[in-house]
């Protein structure tokens, strides 16, 4: 359903991503992992239609993405700037549904259902600044769920919350998305998380980012924070992915050195 | 507010009676006509404006004759300027082209000392309420306009990207994202404009008017009625204080999300 | 570019008769008058008189408001006791004091200065208090631990680190004082001062001269502000660096 063909982007002279090819099938949960500065955010912003890539194409359901597609939702890392502080949780979740041509009542009901699904039914009237970081990120997730996108993009969605909240949110996303059969592309720098959450893990190199590995995660579901993480298969996969992330960044570093010597 | 905090706030005002008593003693001792005692000023204020019938909240005819035109011009001018300023400010804030085009003019308009508009407008137009209104509108529009433009221009990028991702319509982006995000700055501009409107009301009445509080002040000065001059100044001070305080109250209500959000971060 | 476009439109409107030049003078006329005023001895005398009142008002303001602000900032109880007074006095529209000042001061210069000082005091006072509050407690402790008295601490630590804030207050006060001086001149009249010049031009129905003179006042304000901003940037480079380091 999502296809990236030779996706390339440069900001001026800075080469952020380089000929990324990737296909995501309907209902798949794909994690993109890579070292910091591998152009993960550029990749996400290109898919979401927030920037126009300088080369290659993004195809969603076979059609090229030109502006922001209407069957796509994003959960951003920085929840404090992604939720509107002047709106209650319910209004934040309900606002995007105006585009769906729903009545006010239908919007409120859908928003309430989504909030209940993420365990915030009782906090619908609260404002973002009355909530903890984890609660705010739940509201972001509820907003994405209520929108019923066919593709959900998540940009380091658990990067700004504490470890325990992070595990809760990982399980929440897995449970809810399986329930709705949603396709997810999750971007993270956390190797552990990518293996735990993903059906597939795609590893990017350091900038200019390109795909250096694409592993299928063959772990039994439903996943469990303790049991899954102690499986031999999990440990091995995590080591493989970790080596790829680290190894590529090391080789890139070497290249950089020789390059520097040459210019002198 | 709890009873206790109200009491402690009242206790914090102890300096006010102390200063009043000292002022009273000093003026009685000095016996200078220029510096009447606060008690005589208070009596005069009551005589002039607050000895009317109970049905009119004690307001006298003089009070109504002076307050009504002044406050009418003040509020009408401020509201008109605010509406126009917000409208133009949004347009300028959302259109880089328009901003480039108008910026030098805005900078210049802002630099003109607003009270100097008074003699120019009175030279250009007839002396009267319409001109006074025009002075207030033209003089106080700048803080609203520039603050609105700035607020609309500097909306957090993430707010706008979220709106784009979820496909908000242009009107939704404006009404539900850009304007709410800009309200703290817009309100700062509105508050500046309100105090400026009071100043322009007074200046325009001091220079070219036959009614209003400023005109009354001018007449008192020209007739060397010292107590009356002080009474008018106290009246204008109270008016300024009330305008500012009620605006802050309103702002606190409307911008609760902003103040609280800032506190928690 | 945009301003030029608008000025050209106004000029054309005046020349083609869309706007009566007897009502609103041509842009070119106003510009010519403004240029003439710049070398006009009489106008310059008026200008100097206003600048003199403005300058001394600013000096008095700084002499009064900075020590007061230091006192209120350093000694917390004094600040909390006087806060109600400040909150009542500050919203008094300063122009309302002009008639009283006319009665109190025989000398027009003193009259103008008094109103300007009243209005200009608030930004300096508030900024000084704020600046003193912002002083790094560690710096104060350090000096105190070496056995220096409170006077030294104020002069060596508090005043220098509050200085950028005080400078901002002074810059705001400079603009406010210009406005108040000229307004007092317009309202009270007198022999000299730009406000007096504007009044005279008004009674002679010379709108072109009024606008030209007003433009000079505006330009003077812009120039003073720009100068003070540049001075702040130069003198307080360390302050801006520190702010940049924090954010």
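Order as written gives the chain letters A, B and C; numbering starts at 1 within each chain.
Simple rule for what comes next: a contact is a pair of C-beta atoms (placed from the backbone, for glycine too) under 8 Å apart; a residue touches a chain by one contact, two chains touch by 3 or more.
Note that the structure is predicted; figures quoted are calculated from it, not measured.
Distances between chain centres, each the mean of the C-alpha atoms, put A farthest from subunit B.
Of all chain pairs, the one joined by the greatest number of contacting C-beta pairs is B-C. Subunit B and subunit C have Cα centroids lying 19 Å from one another. Chain centres here are Cα averages; for subunit A and subunit B they lie 49 Å apart. With centres taken as mean Cα positions, subunit C sits 53 Å from subunit A.
Residue positions of subunit A touching 2 or more other chains: none. Listing the residues of subunit C that touch subunit B in their complex gives 1-3, 5-6, 23-24, 80-85, 87-89, 91-100, 102-104, 178-179, 182-183, 186-187, 195, 198-199, 202, 205, 207, 210-211, 214-215, 217-219, 221-222.
Those residues of subunit B that touch subunit A in the shared complex are 156, 158-159, 161-162, 164-169, 172, 176-177, 180-181, 183, 257-258, 260-261, 264-265.
The residues of subunit A lying in touch with subunit B in their complex are 48-50, 68, 70, 72-74, 76, 78, 80-82, 84-87, 95-96, 98-99, 127-130, 143, 147.
Contact residues on subunit B toward subunit C in their complex (touch as defined above): 12-16, 19, 34, 100-105, 107-108, 111-116, 118-120, 122-124, 195, 198-199, 202-203, 206-207, 214, 217-218, 220-221, 224, 226, 229-230, 232-233, 236-237, 240-241, 243-244.
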